[in-house]
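Pasting the structures here.
There are two complexes below, and they share subunit A, which is joined by subunit B in the first and by subunit C in the second.
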Partner chain A sequence: MTAERPHLAVIGAGPAGLAATLAAARHGVRVTLVDSAPEAGGQFYRQPARELGARRPEALHHEWRTWERLRDGLRTHQQQGTVTHLTDHHVWLVEQHSGGFTVHALLGPEQTEPAEVRADAVLLATGGYEKVLPFPGWTLPGVVTAGGAQAMLKATLSVSGRTAVVAGTGPLLLPVATGLAAAGVRVAALVESADPRDFVRRSRALSAQPAKLAEGARYAAQLARHRVRTLIHHIVVEAHGTDRLEAVTVAALDGAGHVRPGTGRRIACDTLAVGHGMLPHTDLAQGLGCRIDGVAVHVDDEQRTDVPGVWAAGEATGIGGAALSLAEGHIAGRSIAARLRGVEPEPHGWAGAARARTGLRRFFATLDEIYAPPAHWAEQITDDTVVCRCEEVTGGAIREAVTGLGAGDQRTVKLLTRAGMGWCQGRMCGSAVAGLIGCPETAARRPFARPVPLGVLARAGETPAPEAEG
Partner chain B sequence: MNPLELAQARPGPAFTVTLDGREIEALPGQTVAAALWTAGITSWRSTRGEGRPRGVFCGIGVCYDCLVTVNDRPIQRACLVPLRPGDAIRTQEGTGHDG
Partner chain C sequence: MAGAACALYASRAGLDVTVVDRGPVAGGTTGAGEGNLLVSDKEPGPELELALLSGRLWAELAAEPGLGAAFEYEPKGGIVVASTPEGLTALADFAAGQRAAGVEAVSVGPGQLRELEPYLTPDTAGGVLYPQDAQVMPTLAAAHLLRASGARLLTGWNVIDVPRGADGAVRGVRTDRGEIHAPTVVNAAGTWGGEIAALAGARLPVLPRRGFVLVTEPLPRRVRHKVYAADYVADVASDSAALQTSPVVEGTAAGPVLIGASRERVGFDRSFSLPAVRALAAGATRLFPFLEDVRAMRTYLGFRPYMPDHLPAIGPDPRVPGLVHACGHEGAGIGLATGTGQLIAQVLSGKVPELDLAPFRPDRFAPAEEDA
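Right after this comes the complex of A and B.
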């Protein structure tokens, strides 16, 4: 019976992918959920490795009840045979052909063995990754992304030191600081660059989401309980150390966003968790030829991309957190279920999710304005600061390409300096390079979403892929 | 308080792996990066150009800064690869292919 159901491949088992999987499966679609992690949950609901035997994983999480609902729903559909969950599958390309789509993956963690999934439709719920803007010393061991510190804590129950500074900008810094503090790390300071006056100016827009404000208040109370010093309108100007991090210098910003001279102070720490917001993973969408607006995948009211048969939901379509991802995923799943049966969907069936989506998108657009990196952040990049971590290209080399050689876009800078040409393919330095050039940030075009062994590439598509067992 | 206590973890018995021949304890379910962090080690690679030390940066497999050689396989992301008893981890110099 299940063989007659239309088949959807969902890429990504975070909140958006799970919500879409459950909604589609409930409405008659057979779903193969393809994800790179050993457990479902994505980054937000990242689970400790099973072998660690965590009896209280909820201590590291927020919205645990929502996770239980998603997890139990997934389990039920797996038992009914309507959902197949493929773990440790790192998707590098989604290929469109006359009969539908082929999802090409590499099996983890080695990522040398290929796997393929055929489907009638695809939902891209590929999530996001963290943006970090460079400053002197940011390549020292002990400096990690804020999300990275949280991911290591949630998945492996490990921390990189005893004393941490959490810095940058954005709502993510709050759970990172409180999470590290709860796990026994002394958080010497939470350093947020946002201007408090921007919160006041936008208080009306913020108050439209009282649940989110209450969440913020809970974090503030936890920070107070752990005696975490919060420095608002401050930035880390330098990380110090020779072979590993020993301290950071923190300074205040003035009204125009410049560092206020004479305000620098040194804080000893062995860990700096730093982040300046998130960026959507758009590689698979770009490979399919989907329209990209700025840095995010463009979708319509049903979460459809402009490529027939391809939907997108969650952070890939714009950063907005787990609750927005759940709403978008649900709408996508309902739309897919209708369209795959050749039926026009009835949006009133997801009116609640659509209302939540509208409100949360508006709220996060306001947060984006408040938590924009300081206007003059690129001034922190000295000429000898490494900007491209992979190829070790300095700020000076990039400035020379721009001012001396006339490069006006990221691609030309890459060709002249190798910035963005290394292992990470510009994911870590792209924002910084755009900032140094003074051009708007755009999603880089990468033919594959991750490195692929040449042998796998040569054989891809040679043999008909068996359909995943459902 | 430490993270294992916070999550009330009851992992299986610890086992031994090596980093450049030196013995290190690891727990079942830990990645290479987690075991090294727990042993107080934060860098295990030197860069190709300047020979500078690197370790975990993004923690989710995106940045490729935490590259390491595991059981003679170079260019493994320490934040993704789970450890097994007896694994031989080697710090990676440059591309990892220099010997």
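Right after this comes the complex of A and C.
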């Protein structure tokens, strides 16, 4: 019964991918949902490992009812045979050919065996990853990313460490600080670099999203309850320790974004959770030749990329959180369902989602301006600070490539210093390198979204699909 | 790379040099290359003579204090492997011709091959070792040669015209950021050399020939030489526009193994091609079975500056006084850069170039040939 339905492959089972899967499946499309995690949910609805037997996983999540609705919808469609959910599938390439698309994946966790899915259309809901800017001492054990700390909380329901500092910039720092405090960690300080005057200046844009303001107020109350000291317009200038983190030095910023001399103070801690916002995952889109605007995948009102047959939704098209991802995913699913049946879609059918999308995009554009890293953050990187951890390239080596060898962009610095050539392919250090050069950050071209064994690559396209083809 | 080498040798010959590039240092084909300095893939003739001269000059530069280490010069030698007895016979004939032209080429049996390359497939008929083959890291080489030249470097300056005087001679270049006056303009624009020539009113048929390179995760040294299959030579010399791949495998100083080489004439198409990269992986794993489980980290592509007879354009353009070409080296631009730079410097300082430039004449193509 489902064999004659057009077939959509959705990459990513976070909010955007799930919303699109359900919308498309409800409207006559057979969907294969491909995801790297063992359970659906993505980063936002990350589930505690089953063996932990969590009784109240919702304690760490908001929007739990939305998640239950998505989860139940997925189950129903799986039972009906309209949706296939492939877990532990790590996609390294989406290939376009005359017959449509082939999604090339590696089976986890070893990622040595291939799996392939052939489809008529593809939705890229690949999400985002954390942006971290380096500073002296950031490679010490005990320094973790803010998102990493949160993921650890959600997946294992616990964290190591007794005293933590949460630092950087962005709305993610709030749930991380409150989550750590709720898990019994003493949060010595929440260090946010944003300038409070920017909040005042943009208060009108922010107040257009009352739900988001209420969420912020809820976090503020929790911080107060746990007696977390919040240092606004401050940054961590150095992490101290010999074998592992023992303390951090924080300092105030002046109006121009420089560190204010004489304001440094030391805070003892064994954990530093640091984050500077998120960046979209655009590798698969770039492999398909999709247009990229700055660092995000370009899409139209229907969430279509400029490559026919390829849609994108969620953080991949610009960072905007779970609610925006749900709206975009829903619109993409509806558009795909219509277009795969050869019908012109009717946007009034998703008018609510479109309204939510407009408002949330505006709200997050404002947040982006407020939570930008301080203008002169790169001054904190000393010449011996390791910037690219994979290839152990220092700030000094990058500065030398710029001033001594004439490099003025990320690619040339990479070629001259190897910064960004290692295992993470510059996902970790790309922002830092751009900051040190003083050039705008761009999405690097990575045709392989993850490393692929040469034996798998040599036989790509020859693996039978894991299911009957329609 | 060719421009950097021209700048270095011209500066050392006493000329005042300004280097203009619309992109960054090594932003064109140089940054997408493997850095091969090869004699092994060249048949006797003018290109081989240029390769032998260039190889000597690279070794001299590498011996200068700090320079060799800075651009990761490795005189590691190349090995060409034949998989069949017929292939080995053809390879032996080819090597004999090269030997007569001054190339060191040592025939090695299958057993000896495994001693030279312990991880090589046992399924070979034999091969030839070329001790003169070497490698550099091309972006570092271009950047360090430019720095050593002391030339004025203007990156991000886009040449939009090559103005000429009443006598027809070039007067310098006009860029989007200002005019630079010079009695001589050296066209070292590689794959885009035809565009610069056209700005000066001369036709030069340089065409892009796309190539992919695969880069593996860093490994302890398991591939010691540059190792390639004998059919590589035939592919290099081919005029076909269709996709050709022949495995070229080599370790690097930094750890990753580089795998080339695909060739296809598809214009300046920057899109990823799974068929090309798949063929590279298949060829490499046939030569070195251990690579099956090694991960490819990334792949990149570049456009070789291809000329219809596979020879570069080097020397003054008789059609436009003051215009000198140093481009069209196809896939051998890094290797041939030093010799090219030396010859250009000799021409510019009024000396007799040490190689005959007639085979490299920029006006050697009849119009009919130009659309080949």
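FYI, the second predicted complex is superposed on the first by the 461 of 470 C-alpha atoms of A that agree within 3 Å, B and C clash if a C-alpha of one lies under 4 Å from a C-alpha of the other, contacts with A are read in each partner's own complex, and residues count from 1 in each chain.
Assume a residue touches a chain if its C-beta (ideal position, glycine included) is under 8 Å from a C-beta of that chain, and two chains touch if they have at least 3 such contacts.
Model, not experiment: these values are computed from the prediction.
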| item | value |
| --- | --- |
| Partner contacting more residues of subunit A (subunit B vs subunit C) | B |
| Which of subunit B and subunit C A:Gly184 touches, first, second, both or neither | first |
| First (subunit B), second (subunit C), both or neither touched by A:Arg427 | first |
| First, second, both or neither for A:Ser203, with subunit B first and subunit C second | neither |
| Contacts of A:Met152 with subunit B and subunit C, given as first, second, both or neither | first |
| Touching partner for A:Tyr129 - first (subunit B), second (subunit C), both, neither | first |
| Subunit B versus subunit C as contact partner of A:Asp243, first or second or both or neither | first |
| Subunit B and subunit C footprints on subunit A, overlapping residues | 422-423 |
| Interfacial residue positions of subunit A with respect to subunit C in the complex | 93, 95, 112, 287, 289, 401, 404-409, 411-412, 415-416, 418, 421-423, 425, 445-448, 451-455, 457-461 |
| Interfacial residue positions of subunit A with respect to subunit B in the complex | 36, 43, 48-57, 59-60, 108-110, 129-130, 139-145, 147-153, 155-161, 182-184, 243-245, 270, 389-392, 422-424, 427-428 |
| Contacting residues of subunit C [partner subunit A, same complex] | 24-27, 31, 139-140, 143-144, 146-147, 153, 155-156, 214-218, 254, 256, 259, 271-272, 274, 277-278, 281-282, 284-285, 291-300 |
| Complex interface listing, subunit B residues touching subunit A | 1-12, 27-31, 33-35, 37-38, 42-43, 47-50, 52-65, 67, 73, 76-77, 79-82 |
